[in-house]
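Below is one structure, written out as structure tokens, with a few remarks after it.
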Amino acid sequence: MTYAYFPGCTLKTKAVDLDKWGRASMEALGVTLEELPQWQCCGAVYPLAKDEIATRLSSVRALMAARDQGRPLVTLCSACHHVIKRANYDLAHDETFRSRANAYLAPQTPYAGETQVLHYLEVLRDVVGFDNLAKQVKNPLTGVKIGAYYGCLLLRPSRQMAFDDPENPTILEDFLRAIGAEPVVYAQRNECCGGYVTLEDAGFARSRAAAVADNAAARGAQLLTTACPLCLYNLRQGGSVRTVYFTELLAQALGLKEGQL
Amino acid sequence: MQVNETFTPTIVAFCCNWCSYAGADLSGTNRLQYPANVKIIRIPCSCRLNPMFILRAFQRGADGVILCGCHPGDCHYTTGNYYARRRMTLLFSLLDFMGIERERTRVEWVSAAEGAKFAATMNDFTQTITRLGPNRRLEDLRCKVE
Amino acid sequence: MQRIGVFVCWCGSNIAATVDVETVAQTLAKEPGVVFSTDYQYMCSQAGQELIQEAIREHRLTGVVICSCSPRMHEATFRKTVEKAGLNPYLLEIANIREQCSWIHKDKLTATQKAVILGRAAIAKVQLNAPLTAGKSPVTKRALVIGGGIAGIQTALDIAEAGFPVDIVEKKPTIGGKMTQIDKTFPTLDCAACILTPKMVDASQNENIDIISYAQVEKVQGFVGNFSVTIRKKARYVDEHKCTGCGLCTEKCPQKKVPNEFNLGLDNRRAIYIPFAQAVPKVATIDPNYCAMLKSGKCGVCAKVCTAGAIDYKQQDQLITREYGAIVVATGFEPIQLDKFDEFAYSQSPDVVTSLEFERLMNAAGPTGGTLLRPSDGKHPHTLVFVQCVGSRCDGAEKGKSYCSKICCMYTAKHAMLTREKYPDTEVYVFYIDVRTPGKNFDEFYRRAVEEYGVHYIKGMVGKVTPQDGKLKVQASDLLGGRQLRIDADMVILAAAIEPDKTARPLATMLTASMDTNDFFTEAHPKLRPVESPTAGIFLSGACQGPKDIPETVAQASAAAAKVIGLLVKDSLTCNPCTAKPDELMCNGCSSCEKVCPYGAITYVDKSFRGPNRTTLIRRVAQVNPAVCQGCGACTVACPSGAMDLLGFSNQQILAEVDAICR
Amino acid sequence: MQSRVIEKAASLLESGACTRVLGWKAGAFFYDVTPAVFTCAQEVREQMVFNPFCGANLSKYLIAESRKEGRIAVFLKPCDTFSFVQLQKEHRIARDKVWAVGVQCRGMCDIDSLKELGLKGVTAVEEAEDDLRVTTLYQEKTISRKEALSPRCHTCKSRKLLDCDELIGDQGQDLPSSRFAQVEALEAMTPEERFAFWRGELSKCIRCNACRNVCPACSCEKCVFDNPNSGVQNKAAASSFEENLFHIIRAFHVAGRCTDCGECTRVCPQHIPLHLLNRKFIKDMNEFYGPYQAGGDFDAKPPMLAFTLDDPEASIITNGRDGQ
Amino acid sequence: MTDWTNRVQEISGVNPRKCMKCGKCTATCPAYDQMEYHPHQFVDMVCTGRVEELMASKGIYTCLGCFACVERCPRSVEPANLIEAVRLAVIRQQGGNHMKPDQIPGLLNEELPQQAITSALRKYSKGG
């Protein structure tokens, strides 16, 4: 099965590791991710204002392109996933937005949220299957205690994101188990890392990241993993525990990436 | 189809006594508005609705007919609405097969607690019928009462 | 020729403000057959009823149409009214111009026009009404109570006290319900067991009460006065009559790791068990999910130690069918699952508990012997945080329950007070949205918790609980203090919303009793008939109807019993005369009607008919038992020849209404 | 075949096994065969026929005939036996008063089919294996039997002879049938096209009641349309009548009971394809509630008198190209 | 004179009257200490027409957009949407931008992902 892949801007620059190992691993697992031609920035934040149309349009373009290819749209960056998934939800549920977006972009076939938007992790879980993944692991991360850091954007608001239980998610823990690691469940895994406020108030952002990392460390985590470049940045700036992208762990477990933990 | 601004459809709503008629009462008790075009006929159970009544309503100038009954599983008489469901499903399918607008007939399950659903259903149904315009297809050519 | 009287009610301003009642009366006066038409302020009042009766006599009316509120409200009233004036009560029709007209329309012209049409439909129908006489059906003088909690026990005791036999069906191995798990009761703080267990014993010893425990209702047939109920009594693999309740087997059973549901899984029991010391009936039960003998045929310890020879591994489920005149639903409640609220870390830390679990942790018969200890490490907790309204008062089903669970404010005050009383070294915080304590001596109780016991009541909510370093880091708001609080707590106690027991929904279907969207049973009238279900002969007791505390539950239980007694003292009931009636001349005897009748009211006889040329033809024709027929009308549509019609809702009557509306 | 049928009928009367025989006899024209009751062997030998024009389904007559004194023998073609079973399920026929002789059938012919082949002034038709020898005023011609079949026999669903006391000819099997093709073709039209089709057809109705009178399912003691209490009594005598209502209600009343014998369409003097209404019901019931053949057996519960908890809702209906 | 109260409700699509004043939003807010007015007060102030005071508050720029208040609100009020709407009411005005592109270079460091810059610009200015 081939999926339309939306990498997003950060994955082309600062978060190359998230992208590179993500692609390599999927290929090794027999799933083809084909980068959407001429994708544009997702917009980075989902506009909460009901009257903002233009800022949601680049997501709509990506969604329409995937629809035209007849493929589900896969994202890897949490922020891109959040924005695109919610824009798609609006297209399916908000008639005003739907008609205005269609009027603006004037596609050949009107678009009403038909594209299935999947996060990379969902493909791992539902297409590859964690059982199947476990079978393909060459270098299991046996004994490594890893705290999964979900952050906010993958989970909330759960009504729109419909990704996992927003208060007690399990997908990353199940993933960690599949690659042989020992997941550490800690309460702060779905609390904010400090987000974009890091630009204006780095100190505050660091204190947020520290609270997350400290809680994880206190519960025994030796390593944190995340799907979001901004979370990774904040945790590296303010946290006391080493943080890596989950695709790096995946690639390592599959024997694609050298490295030690 | 042209939307006729002055067209006010006649709509007959058959309501079972135990759930939907009580639901209609509740929407009244809660002062939830729905168009006056809707006139309710009380029947003991949705299974009392004879297709004859529906056809006769259309013959006599109704533009839409809706049947409301207890939700499946909640029939006061245990099983009545299950029979009603089969009968109406087949009847509506036949009407559709004869080219009569599918949207002129509807079945909706409304419980005694669903006053809001009753009002919303009637508002929606009236809108649909208004959009469809006057019933022409189910009037029998040879029995027009002038 | 019909002589019809039309009576238009103002209902004060309820109708008259939106419907021009005078115009309605005048317009309807011109309808064919109408000889009298008037309007009046309150038709249902004494004066209004007299007005109707006078008109019936003066104008020799053959039919009456009342344009008023819903027939569900006053049809019965007006039937009596016309009957007293000598008219058959079924020669009356009501046009609903309040709930279905004046209350839903604002424009007076529109509402008036609609009222006229509704009046016309009623006139058209009443023209075809026939006088009907209600038949009688006998009453089985035995009641069934479903659920053996405090509600069911109280109802059963009261019915039994009045001299009627009553059966309690309880799905658990013992009666007693939720109250057995409660430590103390508010607002008096007497021990729940001390007031409940004597009632349980009373019930078991009362000659009129038969307790069918470890059993569930499987099938319900019939109708008020004449229910036939099939009960599945599950195999407990112990002969109830032989078991002495000595409990030796429960000590010797080698399977020790069975989560003990009585203590909500806070400790373990054996595979053969007696739920608690005061269980009724006090007999052991084998849990087939854990018993090695039942699973693999290897063990048999309990049979070896049982001197009474009560163990029976071959026991089967038993089906009991009994006849009842009335059924009381007392299925109670359950606290909700908390998986949607893991911001409180319920799944992450054993020290986050529900209030019911807290009851067990405080109870002398509980897993800690009545000493409050943290489940995680068995240490004495110093800081306790209570969170109210967990899952109650939510917007929409995906968030939680929309209603207030009603009992949480009081039991939380009780928990806080008892904790402070027993352990003065503790700090106790209660986070509340509102404290709701209507009830006798309730607010005084809550104030004592604050004023005398020093419980910190904080207006605000807990936002996040983070288990870390042996503590529960509670982040919360103090809205009146204008602070965000961060408390290092030892325990967090969640006041989980309550919901109806899961067995209630399928039971409601079997009973054809209606439920609201929250799965609480609906009462026949929210104010005036609070313990009856709209389905005749089905009564409601306790929390199955809505959240209730113990005093309220007991009050409602006795009220339900009074209603049941009122039914069972009657020798017969007046039937609904609006039953199906076949026209034998048209009946084919094809059995279509019989196949759709839910009551088995239709039978067939071979009957002689006069054929052509003085011959006699014998034909099979349908007969309806009017005492059994409930008047749904399923048969009338199944009948291909239209031989089956429904009295009171005949084909012609309904068609006349259709014509009147569509004309 | 004809001789075997006549011999059988005569011998049943002669032996006293039956007092009457229900069969067919020729009418004014040879193709104008009508049902008839014979009371003696001589009558049978003189008048009884069994030829490719014996399309009439005799089951319905058994309702009245089986009530009379003595046993009656009846000759039933496969499709007639479905009606025979269905009527028994409805307690309409006293089975012990009937001696049912199953006659295997290779499809019945229709004079209109012959006319469509350009054969005018037909005076006789003789069977010869798979062919028919047709004599007209002008010529003699041999045609394939297939070409002359009545339209309903092209989509024959079964050659099974159900519940017979004896058979003439072999027992048959269910056949693969494309009987729903026409229904499907209509379903595929737009609602406007369908409406035009049915208005065109039903407006031809003269309310002669032939469809009702021939239908084995329309065998009510007194038809709802003749019942003054039904509110829909016969309007044939009036200047106006309700052709939609009549045909819809008729189809609804026989839904789940109609065996799809096709008699209604065969007898319609206006050639309205009435069986399509019944077939639509049959097709829907098969699709919504599982396959069911009225009169196919004695046990299966008719779909209109049964339900399941998860039956589809009325809102599922979407025929062909309508919908949004 | 702009009717900010209505404007803010329109932009956000939030009905502040659904709030039952439980304070869970404030309890859960990670940016509590940075804010002058806290989420439940936001809702209340929109309800009571005190939007201009909110517009003047610096707290509107410290909302992390983490949606914890939205997720955990028992009444589905969505305080974060209100805060964003108040912020937009400010920055959509002439010269209302909270952050200007020329401020950015001074805030950058080697590791900072551009996602952060784009987000901040989107949140703080109408240019986006």
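Each chain gets a letter, A, B, C, D and E, in the order it is written, and its residues are counted from 1.
In this text, a contact is a pair of C-beta atoms (placed from the backbone, for glycine too) under 8 Å apart; a residue touches a chain by one contact, two chains touch by 3 or more.
Keep in mind that this is a model prediction, so the values were computed, not measured.
Participant: Expressed in steps between touching chains, what is the minimal separation of chain A and chain D?
Facilitator: Counted as steps through touching chains, the separation is 2.
Participant: List every chain that touches both chain B and chain C.
Facilitator: Both-contact set = D.
Participant: Which chains sit in contact with both members of the pair chain A and chain B?
Facilitator: C
Participant: If you tally the C-beta contacts, which comes out ahead, A-C or C-D?
Facilitator: The greater number of contacts lies at C-D.
Participant: Can you check how far apart chain B and chain E are, centre to centre, with Cα atoms defining each centre and the answer in Å?
Facilitator: So the centroids are 48 Å from each other.
Participant: How many angstrom between the C-alpha centroids of chain E and chain A?
Facilitator: One centre to the other, that is 24 Å.
Participant: Taking each chain's centre as the mean of its CA atoms, how far is chain B from chain D in angstrom?
Facilitator: Chain centres of chain B and chain D, defined by C-alpha means, are spaced 36 Å apart.
Participant: Which positions in chain A touch two or more other chains at once?
Facilitator: If we look for residues of chain A contacting two or more partner chains, we find 167, 191.
Participant: Give me the residue numbers in chain E that touch at least two other chains, ranges are fine.
Facilitator: 68
Participant: Could you tell me which residues belong to chain D and also touch two or more other chains?
Facilitator: Answer for chain D, listing residues that touch two or more other chains: 230-232, 304.
Participant: Chain pairs in touch?
Facilitator: A-C, A-E, B-C, B-D, C-D, C-E
Participant: In the complex, go through chain E and note every residue touching chain C.
Facilitator: Residues 18, 20-29, 32-33, 38, 40, 68, 72-76.
Participant: Within the complex, which stretch of chain A touches chain C?
Facilitator: Residues in contact with chain C: 159, 165, 167-168, 185-188, 191, 214-215, 218-219.
Participant: Can you tell me which positions in chain C touch chain D when the two form their complex?
Facilitator: Chain C residues touching chain D: 583, 585-592, 595-596, 604, 617-620, 638, 640-643, 645, 650-652, 655.
Participant: Which part of chain D faces chain B closely enough to touch in the complex?
Facilitator: My answer: residues 183, 186-187, 191-199, 203, 230-232, 235, 239-245, 248-249, 251-252, 255, 277, 280-281, 284-285, 288-289, 303-304, 307-309, 311-319, 322.
Participant: What part of chain C is in contact with chain A in the complex they form?
Facilitator: Counting only chain C, the residues touching chain A are 339-343, 345, 347-348, 398, 464-469, 473.
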